[in-house]
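Both complexes shown next keep chain A, but they swap its partner, so chain B is in the first and chain C is in the second.
On to the complex of A and B.
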């Protein structure tokens, strides 16, 4: 039974025993249903966004609408001032926030992963303890608004999400696994400073781990609505997700901030209420849906590292 | 003293590296912990700033807690938080492990990859978007579900004001968003299992089912335990978005959607009741903390390797 080239052996190792075709089909169908359930709502929302408002009023949301229309996207274009503003806020906080958190987290995690660092246990505990006990919403709210005075500033959207003990622990595990002391030793003998070592050796070596943290962080900022709910009233600082929340009940919020030139009564009479909301959902989700297949690989490897253990 | 100073000097590079993070932790994690004393105070804003406000607020002892636990809300939010989380932990674990095993056993690896990609997708969506997804199904006037019901001549249901359906909807949605993430974590672990175990099991004549039962599941056990401990540690916390966004903050549903997190939020933002909200938050943190410690202690007794710390 054994024997053959390494390739055959590996194949055999991968599938020591194939599933029975019937079982395989059942599993495949089950997983297929699950997969469709996960993707379907997004496709459904796309369809609704292209349905004419009249058709929605008459027939409700349909999978196969008779009347297709791009009115919703036209309408959103008319409200581009607020819409682009929110898009801009989201892009800004995502980029700046991700850069800040990647640096803070990798510095912190790298330092506490180094055996030379005398106080590493203390600082590990300092981060770890926040996973066990938290100050809670109200004290945090008071600190951010009263003590730091961040209410209605862009920093209120960036700073509270910048660090996270869990990411520090993941990164620390990554550094412990991927950085070998001998490379550092030889660099030190060559006279490289610790900073130089960090930027020229550690950083490039740890790129997969850093990419994972960056992804977590990017998604966190892109999808954030909670900090905006707490700290932002100023329309100019409302991020995309939060804008979507505000128009949940009505489109009033956007209308107030609409381009004056487009404010013709006729447009208001035919506001594509439902389809416009769905069009916004589509536009807010599209960047994730499009880029997702590319970063998914990193994300999964990140989860694998996440097998955290003290 | 001199020793400490020279130690600090020797470690200056590392200390500089942890400095930004430490400042963040102190401001955003530890200062709020200190702010928990407000649970025992009647909060008044003092013109001299934050610390003055906290220090000068009058002590009221356990009054905020007494007030909190005298309301029927305390019982409802505790029940909802606990029951939902227990269901999420149990059903989530089973669903994630089952999905992971199915994904790993699928003969067609390409199909398996496509399924993985699809199932993980909801994880990347915010609950704001998720609530719109739910709305397209449950909207009373336009929703797909009422449309389907009309085929069977069933009157439309006003989903957002009927609390009896929501426990099911919330559990379903939690699974919808969580199964992908959970199953990928377990799948990664399954892929890492040494194939020799399966080879050996096969030589012993173990069927696929027996291989799963005697190789895959035991190998996944440590991960299952760790993740469950972490979930038990968070059993007093809820996914705020699920309970706030998905039911669209509908007052008619509070009896089944109000959890400690939403209660604290509403107490702070709608009622401005700092004392009681902080008390509820401290109750949440303190019980959560105790639960992690106890669970971890038990796990350590049973199987030291699996303990979290």
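On to the complex of A and C.
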């Protein structure tokens, strides 16, 4: 795939990095500032997670806290049962979900990208239609809980997110663009079945596109908390982000219902302190931040939904 | 074209068949329950963090219920923060269940929408004992258009706002807090604290309290006076009291008695760090003891108003029967037992004796670690308080004091009146936004009320407050004429 990237560069024949030095400096500084602005909140979160609780209550959040402490991580270790369980759920749904989602999307997209497929316009429209008009929250909930009976199962976290019309359209364009019909034709003449064509020709040729979709799905599953909010009551099935949201939402509830909160001391006990929340954010975000560079190389070949002339 | 249409039709039909097949099956199975002598399973959704020992405790509960009313209960807890959104989706989707916790405006809206059953008749049949056990003002207060849509928790029916002080500092400087009646009375104490206690914020962030009966909440400009003219709705922000109170608050703010970020801060002021001198809160009998226990140092309160029964104080915790319930009689039977049978009530609330709590010889109880760790239910949301076992450090007369408190309270002008906001929805939306903008800054004293209160009121006028006031007055008069 590196060859493909190089070819695009050569076609443009001008080194995009070759700018006037002044312009180059200005742009570099601006982008540098932007990058710091993006990274800074996360660094701040890390600092707060290492601040002692007493210091937060008295002085608020500080960039250079007076007292450092690892109590927050100690606290997380204390609730490790729920925490690691949720971690496991998240990893499971991310891996399984991404695999299912990639296959469903590529299958669908491949079918509607082939001119021989008679109903491709109909199925393209079917996918496209859902982008314009979605059923809405309540009908979705009815389908998932009452018709499919997925409530309180791990599938409720996976299946509702598996298909995504937008990704299907992206993949369809990618297939149309990156796989020429003549390759497929020659494969057919050689007697390859549709499955063989898909897995041995289409799949390797479209790897950048598929990797992109896979990354989108991975991020989608990793960051998803809303499906769990709707469909999961069992503490055993609560994913990590949902756990974080729950803590945040419980805190919000407490702020708005101080009388209930004060009468109900247990509420306070279930809610970690400020620094512990930040520590959870750190632990929840790091893996996905670390995995990003592995996907990143595929982005070089870029994504288009249309409009590119060969 | 024709072909494509056929295909679409076929597709829709297939999906339709599959779906109806699925739902048909479910109906068949759940209808069977409850007949043929099978115990009916009551689906109960209530608020709170799901607990580890719920299944264990409800095994005991179900053993008892099978004998008493030939039913079992499946209780599902929904976490505090998830509650509002999740319960609303469940109700809107018509999910079949029997009993659900509800409160406040959600209770009113869902009842008006028909999501809950009106239980007046059920109360007379399956809920006879229950009806007798509950404070009549609670049942009166949650009536909507003359009908009762849920079983309120029998507890404090009144609300009383108090000033709560940090007792250590009160003792240290020999303050006489018994004379405190208004915000202005706090001034000399705040000054002493500010000068002598650098690590203490004199006032924990709170929003100055205006004693009115609010149609929505204290942010919204629709209120009835509690004393004086109880017949007419007004904009409380136009009252002299508002100006005076906010002026005092602004002086306090300028003097540095409040944190600078008071208006924007969303942080609750937790009691567990002792860095405040005075705060405001809603009280109930023996609240100080409760708060002191939570804070781990002593606090002491003085009332800022007489106890009054408000709509929101009676609708703070209600168990409603869903309109989708397949067996409302059984659901009511269960609620009846839950609110009148001490064994069941204590079992649901405190868990299993010997596992989650221990009973002393005098009948008082003591939590075991398992109750805190594995079965910590929110008592207020479940049912009748007055048949609960007392803790060993509870005052012996705790429930009597609650009953006295309820009896001493006088009803608010709008007790039992629920405004239907449909006719003025768009005005209310913009008024809500304006209130959100002005109220926090004014009530925490962050801005000068001389300048901002008139601005606030002017904007409210532009947003159509008069129309809303008129509508409230109209509905209130109609409601009033139906009373008696």
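A few notes on this one:
The rule we apply is simple: the second predicted complex is superposed on the first by the 235 of 310 C-alpha atoms of A that agree within 3 Å, B and C clash if a C-alpha of one lies under 4 Å from a C-alpha of the other, contacts with A are read in each partner's own complex, and residues count from 1 in each chain.
Please note the rule applied: a residue touches a chain if its C-beta (ideal position, glycine included) is under 8 Å from a C-beta of that chain, and two chains touch if they have at least 3 such contacts.
Worth saying up front: this structure is predicted, and the values here are computed from it rather than measured.
Looking at the shared chain after the overlay, A:99 reaches neither chain B nor chain C. With both structures placed on the common chain, the touch criterion links A:54 to chain C but leaves chain B unconnected.
In the superposition on chain A, contact is made by A:146 with both chain B and chain C. With both structures placed on the common chain, the touch criterion links A:138 to chain B and to chain C. Between chain B and chain C, B touches the greater number of residues of chain A. Once the two complexes are laid over each other on the shared chain, residue contacts for A:205 go to neither chain B nor chain C. In the superposed pair of complexes, A:46 makes contact with neither chain B nor chain C.
In the superposed model, A:233 makes contact with chain C only, not with chain B. Touch criterion met: A:278 reaches chain B, while chain C stays clear of it.
The contact surfaces that chain B and chain C form on chain A in the two complexes overlap at residues 119, 137-139, 141-143, 146-148, 230, 245, 248. For chain C in complex with chain A, the residues that touch the partner chain are 4, 7-8, 19, 22-23, 26, 49-50, 52, 76-83, 85-86, 89-90, 92-95, 199, 266-268, 270-273, 275, 281-282, 284, 290-291, 293-294, 316, 372, 376, 378-380.
Per the touch definition, chain A reaches chain C in the complex via residues 54, 57-58, 119, 122, 137-139, 141-143, 145-149, 229-230, 233-235, 245-255, 258-270. Residues 12-20, 23-24, 27-28, 30-32, 34-39, 41-42, 44-45, 48, 56, 60-63, 103-105, 107-108, 110-112, 114, 116-120, 123, 126-128, 130, 132-144, 146-148, 159-160, 162-163, 165, 168, 194-195, 198, 219, 222-226, 230, 241-242, 244-245, 248, 274, 277-278, 281, 284-285, 288-289, 292-293, 296, 299-300, 303-304, 306-310 of chain A touch chain B in their complex. Residues 7, 10-11, 13-15, 17-18, 20-22, 24-25, 27-36, 38, 43, 45, 49-51, 53, 99, 102-103, 105-108, 111-112, 114-122, 124-129, 131-133, 136-137, 139, 141-144, 146-147, 176, 179-181, 184-185, 188-189, 192, 195-196, 198-199, 201-202, 207-208, 211, 223, 226, 233, 240-241, 245, 248, 261, 264-265, 267-269, 274, 277-278, 281-282, 284-285, 288-289, 292-293, 308-309 of chain B are the ones that touch chain A when the two sit in their complex.
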